[in-house]
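Working notes, structure below.
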């Protein structure tokens, strides 16, 4: 029988306070919490014993409870509008807005003294012309100089002191972690990065391109003319980069396969020691002997890296969860 | 570098004439060819040696070449608007419109003397009140009486003579083929049908509900209050039906698991003979000993059926490809 | 170049002590840790702040480090043989052996005074003839009487005091949680359970039947003549059960769709109240309005339940993660 | 109830003669028909109007009907042993044996005058030392000289006259088709090929590595020290090749992403013309503007190719169905 016979039952009552261990270290706003990355940020903050999730906001889903939109998560808060006037009591904000939309909001929040982690590309570039070439006009260029590129393995100290942190792109996170020790040692001048990502990396919209029937039993390259993450990787590493992303039929996970002609002959032992010493104190880097799969790091903040020295080239592989390490968990 | 460096190359030239064996038996229009079912119909007509694909139309994708929209298919025709005035030379039409939108178009075409196969629900019911209870007001109720329910295994002769054929729903196709021999023999009064369908059954739209990330690694029931295919099955079989569909993470394929308490004790041999004799001359029915999987019939027009007589109940399983047998290939 | 050029590098050094908060509450052996359920048990014990993972054993993979066999988990212990003589210092054991192989091992361990959670079917039945009819001769029937059926929502107190706990089957876990409130209230005499499980439920072996190419883009019923979990559900609920499992193309997750003709007329409000009061104090039961998907409970210990009262039948749906709630996390 | 209540029903009677159009052009034996490639070869021969499928053999599944082993295919023949004595009346043989096992069988068949298509690597190399370095000792080196590398787009005439054809590897098929026009024009000296394959490429065995739970939601590189298809590609193209394969969670399909630094500056128009003229008369090559996905060629004999000229490199992408074009359909 059509819907009339249906249950109007509501047994799943809101639980409005998250369990905290004493006074929270920070009261957090998550803006753009209806997107994949924003929703996961909200969930991680909600579960975090030292953080209080004060507000969740959305531009498209105001009035919806977050745990209805994402039944998988368990955050029983209603998505609100972002009212700058009502931000009293908020210590820090994580902004999960699209590129371009983020900069003006960040500027307003910084004006109120709120500490900001911005997940868009708006504050990832030191070089304004590079940003504008790939993304268009910038909404708050005066904040670029004070922003810190938020990859903890590169900038842990600066991040802890910064008022504006730019969350790295998912592909740059994996690519930079795979290649930075080699680039810093002067062993690379140019690299091919063949990247593969699960579909969550494409975000909640997408229409035909993220429809199950388009993606299932398929793998294809995209943005073959040049993807916006290429200049981000190139700027951080200071080398030439040929970067091509591919969409693979899985939910969360990202693999970068890096092909390098080293600037001089190298040995397995030398490269091993380079990675080992570089990442000795990094709790979220796992160096492994065998080439890793994205499944190994699913729903974790780990980046797993392996390499192989061959006659023809030096290969480096890195895997992350694009939603966790590649966006949300890194931000938290 | 952004798109400027990209190739403006067009190597894939249109091939406008499909290969025919002599004069076509019918010149065919496919309306609604931008949807999953419509596109496959177009592809099957295009490849058919006795049919000529005269026009393909769409309401949302006018001007797009069909093989760009569906790179998997190889129909190099441009989708046009449906102009009733330009239908001269069309012998038959296959309409892949949503329920409700179909009836008025069908009425116009029938007025021009065009033979119509309609894939919507608009002409599937003998009983107008049942239609209106589940689908709303009917746009051309006067045509209901002359329409034939287009399941060849039930109505082959009538279909070949009919001017208006109603393509059965995908779930009804599998369910009716599984249960009709039992219902006709008076062995069923009531049945539980637990149905599982791949995502193509949900169509090209769907937003969040057909996003890869929603469906992947998931299985869930939907329309648990009552799905519109339930009354269609019940009307054709003349029995009580409890029908619940489930969405499974695969592209094409549909399984119905049917649970029956027979009206009297039955033996394996008796049921086997019932199916064997009923389907002896049906080229697209495959009776098998072991419970089938949807993979067995992927991209075919076959329906594969097995059954098991147990102490507790009689079980019947049937699998089809929901896009082929469940919609497009059956129509062609 | 063939393997000679390969890195013999081993950067991933064993970490042999897990972090504990003070003295462990229990020192745990996991036997059969090379299987899917056993490996997850080992991982959960390893991460548990009050438990110490003392030994992991295997019959087929002795000498392999667990984190090499399952790169996804992070337990750096080497799988050993199960030497009864070396169990000094072990307080409790979780046995993940196949049916039949488990009983003699359990008997030995109980003889040493070790508390045992057994994940096989060997101690799940109160009724020995039922066990023997479905599984064959029993290896330690004298222990059956003292064993407790390990579903916390049914037997939480008894479990906490028991020396031998029988971990429920995955399908019975979901089915019993879905139906027990109705059975106890006398509303059911007979039920159809159409169950769907991810492939991890089939275990690590399986050959052709668990090969990716067999399962992918497929769904099919199996054991249609009668699955061993049917009598387990029937015994616990005390009703007639028609149970048919299906294999779906996903890793972890299980859905049971239950079709009931209630013994008398029922209302939505009445059933809602029944579930609400029954599960008021159960932290791992989530009652929801909308039919759940297995994705909602992936990698959690939750069971999510919904129901719908229809004219034709009462429907109940329950989802669990078959490896977590259905086996490993429930045991821990 | 355990299996006794089960149906012993056999409704699916063998159909022993395939429909032929008059006298067959060739009577064909398929050896190794229990593997993925061999089974598909058998199915394609069975359906082919000018071929007669005379025998199907297997080393591991003697006595099994092929349509029971692969319910998806519809070849109702029983797998037999390969008895060289019983090959009278066989005109040609397609051998789907593993590398090494094939050569002696091929030698025997050639001794009987049977035309052979061998799908293993045994006759793919002109250079014996290269073969032996990667595969070990060769069982019939005297036949190497007369063997033709069976890629129709390279050697169509020679194939039609040859008595021994070596079916190309799946990765070489896609890689060579993508790069041969560039290599022949002297535009390449060295290439990175990042290849991605569905799981059917790994064959029917595989144990843990092809278990659904290993592959699902995963992507990982394998054979990173050097895969045997690398020297095959290098020999055919006469250039340096860095080749790394990856396993992706899909059934059938293969994508190669090729990264080239051309030996001189090139334009989009020039490369387009190169491909267009090279493949003008090749019915199974599809040149496309947009980067293709493996789904576009699923279950076809097509290879679809696109390219992009960028400042940093020239990119070429090619997709095939690894079981069809990459093995079976190419052979038939």
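Think of it as A, B, C and D in the order they're written, each chain with its own count starting at 1.
Heads up, the rule we're going with is that a residue touches a chain if its C-beta (ideal position, glycine included) is under 8 Å from a C-beta of that chain, and two chains touch if they have at least 3 such contacts.
All figures in this text were calculated on a predicted structure; none of them were measured in a lab.
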| item | value |
| --- | --- |
| Chain hops separating chain D from chain A, counting only touching neighbours | 1 |
| Contact-richer chain pair (by C-beta pairs counted) among A-B and B-C | B-C |
| Chain centre separation in whole Å, for chain D relative to chain B (CA means) | 34 |
| For chain A paired with chain B, centre-to-centre distance based on mean C-alpha positions, whole Å | 42 |
| Cα-centroid distance, chain B relative to chain C, in whole angstrom | 40 |
| Multi-partner residues of chain C (at least 2 other chains) | 1, 5-6, 216-217, 224-226, 249-251, 292-293, 295, 298, 308, 310 |
| Complex contact set, residues of chain C against chain A | 1, 5-12, 71-72, 216-217, 268-269, 272, 275-276, 286-290, 292-293, 295-296, 298-299, 307-311 |
| Residue ranges of chain C touching chain B (in the complex, touch as defined) | 192, 194, 196, 198, 216-222, 224-226, 240-242, 244, 246, 248-253, 255, 257, 259, 291-295, 298, 306, 308, 310, 312-313, 315, 317, 319 |
| Interface residues, chain A side, partner chain B - complex | 1-3, 5-6, 36, 133-134, 199-200, 204, 206, 208, 210-217, 224-226, 249-251 |
